[in-house]
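The next part holds the structures, each set out as structure tokens.
Shared between the two complexes below is subunit A, which has subunit B as its partner in the first and subunit C in the second.
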Partner chain A sequence: MIFRDTKATLWTVVAPPSVWALHFLTVYPTAAVICAKSADGIGTARLVVFVATVTALFAILLAGVWGWRHSGGVVTADDPLDDGNRDSRQRFLANATLLLAGLSFVAVLFTGLPGLAFGTCR
Partner chain B sequence: MTARQGVEVAPGPAGPGSAQDDPEVRRGQEDRLREAWKAPPGWRYWSAVNNTEVGLWYTLAAFGFMLFAGVLALLMRAQLAVPENGLLSAGLYNQMFTLHGSVMMFLFAVPIFEAGSILLLPQMLSARDLPFPRLSAYGFWSFVIGGVFVCGSIFFGVAPAGGWFMYPPLTTTVQKDQLGVDVWLLGLSFIEVASIAAAVELIVGVLKCRPPGMRINLIPLYAWYILVVAVMILFAFPPLIAGDLLLELERAFDWPFFDATRGGDPLLWQHLFWIFGHPEVYIVFLPAIGLMAMIVPTFAGRPIVGYSWIVLAAIGTGFLSFGLWVHHMFATGLPNISLGFFSAASEAVALPTGVQIFVFIATLLAGKARFSVPMLFATGSLGVFIFGGLTGVMVALAPFDWQAHDTYFVVGHLHYVLVGGMLFPVTAAAYYYFPFMTGKHLSEAWGKAAFWLMFAGFNLAFLPMHFTGLMGMPRRVYTYPSGLGLDGLNMASTVGAFVFAAGFLVVVGDIFRPKGRQPYARRNPWNAGSLEWLIEMPGEDWGVRSVPIILSRYPLWDQPGFLKNLDEGRFYLPDAEEGKRETLITSILDARPIQCLRVPGPTWLTFWAAVLTGGVFIFSTYHWWTASIVSGVGALATILAWLWTGTALVPEKPEKNVGLDTVLPLYGAGPASVGWWAMFITMTGDLTAFLSLVFGYFFYWTVRADFVPEGAGPAGLPWFALAFAATFAAWGLTFLARRRIGALGPRGFQGTLALAILLALAAGGALILAPLSEGLDPTVHVYPASVWVVVLWTGIHLAVGALMLAYCLARSLAGRLTPEHDIEVWNVALYWHFLLLSVAVACAVLALFPLVD
Partner chain C sequence: MGRGSKRRRGGGATVLASALSLVACEGPQSALDPGGHGAAQLAGLFWVMLAAAGVLWVVVVAIAVVAVRLRPGEHRRRTATFLMLGGGVVVPTVLLAALLWHGLGLMRDLRQPADPAAVAVRVDGELWWWRITYLFPDGSTVESANEVRLPVGERVRLDLASQNVIHSFWLPSIGGKMDLIPGRTNELVLEPTKAGDYRGQCAEYCGPAHALMAFSTEVMPKESFARWLDAEAKPAAEGGGAGLDTFLAYGCGACHSIRGTSANGRIGPDLTHVASRATLGAGTLPNAPDNLRLWIGHTQDLKPDVRMPSFGMIPDADMTALVAYLEGLK
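What follows is the complex of A and B.
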């Protein structure tokens, strides 16, 4: 299974924030174009924001679960992933992926909120 | 594949019984190393390219510009000390605040990080030098020339006066005939190019030049920050370069990008400027925090608590900082929902920023903190920065920002962020790393005095600005009437500014006071654990006696016998048998040795290349087009000479023993070579600039219903189709030449390249004919101007692509490019991948979009 076998690399580390970036690059231009092109299109814009947000949150959640499994669960202060071997390096990258998934999750949630809050383009 | 993965890291240093036991052998090695790495003597010293020299010059130059901009600030504060003051005229005041902001950002805050990294990073990674020392030297000379040009303009009364962000329409109407705007656009564009050069150098440095065994989970935190920041530069600076291009095209050739009467829109400039400008703040802030992440563990006497969390914070901030730019544009009338997205992201970025601060506090609590001058500045910085961060959260809320926008509140906020987040950490680092640079300590007593003067003066100067701002005092005014309750607060700010400056003067005095009789510091004077402190006092030009095997984040604390083994040359590369400058290239994740890289030595070519490149920009400012073109041709010739004589050198043997029974190749092409990575990184930045231009096209389409005129499209279609077909064919031939260089034979290889050159030129020609066939005049309306700018950008890239192919052809004819030694064609083929993508996007947008719209 790809999910289990994928190795941690720098690309997996930046995957969750990349999802945030994609989400941002979807919702902002969509809302901007819709608001510029039609005066009462806010309903469509809100739908796009909602769908994009749910999709992005799911993808980040997936990355987080992956990071959790590959880093072996909770990493404590006694287990700082600083050994000079391949296993420690793998777990460090997975742990970084997990932490970034947490941040990206919150950031996507924040970015999605205006979609709930605004009833007009103005 | 084996070459890319590298060889195993040796189990440990050479033990007793090896040749390194013999002091006589070691002395011979040291002599050879010293000879290979020594700086050129006499006036030829200025032709040096080694990181120790270039890094030092770069640092000093950036500090010099900072002092200059500081003097401007003091003059402004003197003007504002009392109401209705006549010390400075309004015009001169405008030039001063513009230059103050521009110089502090472009000539101090960003370059000091590049300078510091060129100086520190190789030592933190035990690399003898970064992979492209001549590129660093070129970047440095470009920086100095561009910086002196921009700063010097104020002595002739022609400094830029449009604010550090140069908003049109002010800069395209009222200031249309003022030279200062061109000085800013061209002088600083030149420096932005130097920043991108530094970014390339630093990314490859962190990823590929680490010591064997320093896996990605062991690299110094500063290196993480530098990696993140260098990548940010690649995506942040190109939009500004694209914006500069558009603004200069409007000023010099009347292409109406920002002229609303001809379909343009000044807001595009604000977007492009702030897509750069906001990440810029973090580009400035993150390296300074990286310095703190090196200083804090040393004085806490223990490893950092939460290494992964710092990595999270660095990468997270790097990403989120690109979603904030519109918070500088809250007052421009964008839809509220758009403001909401940016406000949300602006709040979210406070999370990773806070994480870093808690990591530092936790590390200090968990260890036994020793207080010294660097720690004083570090803790002072935390306090000031947190205050600035909190006012930042306030202005990130759009309704609050509407009240505070363009007032002194913002001036107060941004100085708290930048001084707390950058100047104080850099001063801490100056005290911390001074023994590293010179072998001697700065004075503890002077440092303490400097800190308290700076800390008190800073708060006295900038805290009142929050109040003057909330009382309604606007930014950028050269004076104010009395009786509004602003008099006392402004006087306090002025007094504070001078106290602050006095404190900084103490730092400068401490740095430059003669230290002839002061003894050298002992080795590792702060008992640090990180690699840069293995340096001897004073340091040797070779940097490290041998390139160590790393098994820990803090090898000086954790690895027994580390310094002894290192000094006795018991690790890698203890010798320079051939008298060449050599360093190790390792793999990205696990730092397995891949290659022994020969780095070039001193040359004047980089200096002249920078002078001539500078000529292009400086002459263009005055519209001296002939001189500009001559200078450009000279720059091109010099750069070609530099490439021809100094890059892709064929070694005298395929591989060498680098010690510890490890044999490594001396040559690598494609992804195994550092040059390929440099090309990949450069082209990523280049593609970002191109996409910024395409963004401009769609921006106009969004805001203007009449952007694409009726009937646009069909006439140009065949020419665009031809341009794409020819580009595709040229790309295919280039790819074929790279893939089948052996099978084609020299004649076949050269014939393939020649055909590709012709096709590239044909593609460029067809691309120019496309808008011509539609009769598009770029001065009439923003639509033809937008088409032309994309066509010109792509056309110039096709010409460069043809030139690169011609270079490969010449190298092949000279017998320097062969199937065994084919770095050049790998790199050129990579360029063509990016070029194909650009041309495809350009043709699709320009030819097809008008048809579907």
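What follows is the complex of A and C.
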């Protein structure tokens, strides 16, 4: 289980931005292609944007929770994150995951918002 | 004289500078002096953002003054963390989200369709002037150049196209700007709300004479607009005489059209009613007989690299007849 796994890897750090990138690369071309083909396609486009956004937010949330659990509480400037031991490395990677998850969450939300706001392709 | 009075004079200068900068907000080409629905929306957004930016600036500077001047030394860790997380993460995220939502709402309003019964306008970006074609609902067209006339209170569709490079149509007093991109037709809808004269400008660098690619706009009451368009659709005035002979003899008709004559060139602007336009050379000079003479004789000096060569070789007598003829094309 990812939540129990304490092995620090770079994969958890790059997961939230990767989800953000995947989400963007899904909704942007999909909306553009659907609206270019037919102005009536907005319903399909909105559905794709909605599903992609909810899925991406959920995935980022999971990564964020993982980061939070393995950070061992709020990390401050005084925490020795560069000690070169396993524990320190672990906390650094977990904290980086948490912060990137926060950024990616907001980014995905902002990317998906137009899908909620627009009722036409105009 | 003490320091106080110096400071007061400095204050006076600031007030004067602010007043002068506000005066600069007016005029025929100002996004802050709206004469259209879109421009009013955008100006409103600008003022809201300016006010919010002002408040944020005061708050940030106040915190900096407290931290550095009033209470130097160590601050409570909790307070510092709260300010950094709140001011650095939470507040910007919430403000940007609110602004994004407001902006999306504006966009939805600005992209409302045009009145289907209204006349539409096709705008072609040329090097470096504007080909303007009025499109009637019945499919007929009237061509003009470097001048867009619009009826007040109607949502008019503008089809923006280009056969050469990317241009951008910007009429800041009436609405937002939009690019003219080769290979596609972009649709911009403008809704003028105030009759008057405005100025537009190409807003995407398109070559040497880009800065001289402007156009004039007259927003007219609906009835006047309909009357004007009827007159614009008619061929040129009869009786060209020596002026028309000169026009044709020097080959002007190879590039310019004057409807009702044998001049039917498509390379340069249609001159059927050139005398009724406000400017010459796409906003380069005010339209007046002396300026027209200057323009024909020194085209390349006035607007470098434009396709029309300078016709300085035309003898004075011919030039006088030519200018008199063209200035009669109301």
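Worth pointing out:
Keep in mind that, in the parts below, the second predicted complex is superposed on the first by the 119 of 122 C-alpha atoms of A that agree within 3 Å, B and C clash if a C-alpha of one lies under 4 Å from a C-alpha of the other, contacts with A are read in each partner's own complex, and residues count from 1 in each chain.
To be clear about the criterion, contacts are C-beta pairs under 8 Å (C-beta built on N, C-alpha and C of every residue); 3 or more make two chains touch, one makes a residue touch a chain.
As the structure is a prediction and not an experimental result, all values here were calculated from the model.
In the superposition on chain A, contact of A:Arg122 is made with both subunit B and subunit C. Contacts of A:Gly41 after superposition on the shared chain: neither subunit B nor subunit C is touched. Residue contacts after overlaying the shared chain place A:Pro114 against subunit B and subunit C alike.
When the shared chain is aligned, subunit B comes close enough to touch A:Asp82, but subunit C does not. Touched residues of subunit A were counted for both subunit B and subunit C, and B has more of them. Contact with subunit B, but none with subunit C, is seen for A:Leu10 once the two complexes are overlaid on the shared chain. Of the two partner chains placed by the overlay, only subunit B lies in contact with A:Asn95; subunit C stays clear of it. In the superposed model, A:Gly72 lies in contact with neither subunit B nor subunit C. Applying the stated touch rule to the two superposed structures, the overlap between the subunit B and subunit C interfaces on subunit A comprises residues 106, 110, 113-114, 117-118, 120, 122. Taken together, the subunit C residues at the contact with subunit A in this complex read 77, 81, 89, 93, 96-97, 100-101, 104-105, 107-108, 111-113. Residues of subunit A touching subunit B in their complex: 9-10, 13-14, 17-18, 20-21, 24, 27-28, 31-33, 35-37, 42, 45, 75, 77, 80-82, 84, 86, 88-89, 92-93, 95-96, 99-100, 103-104, 106-107, 110-111, 113-115, 117-118, 120-122. Residues 213, 215-218, 303, 305-309, 311-312, 315-316, 318-320, 322-323, 334-345, 347-348, 351-352, 550-553, 588-590, 702-703 of subunit B are the ones touching subunit A in the complex.
On subunit A, the positions that touch subunit C within their shared complex are 76, 102, 106, 109-110, 113-114, 117-120, 122.
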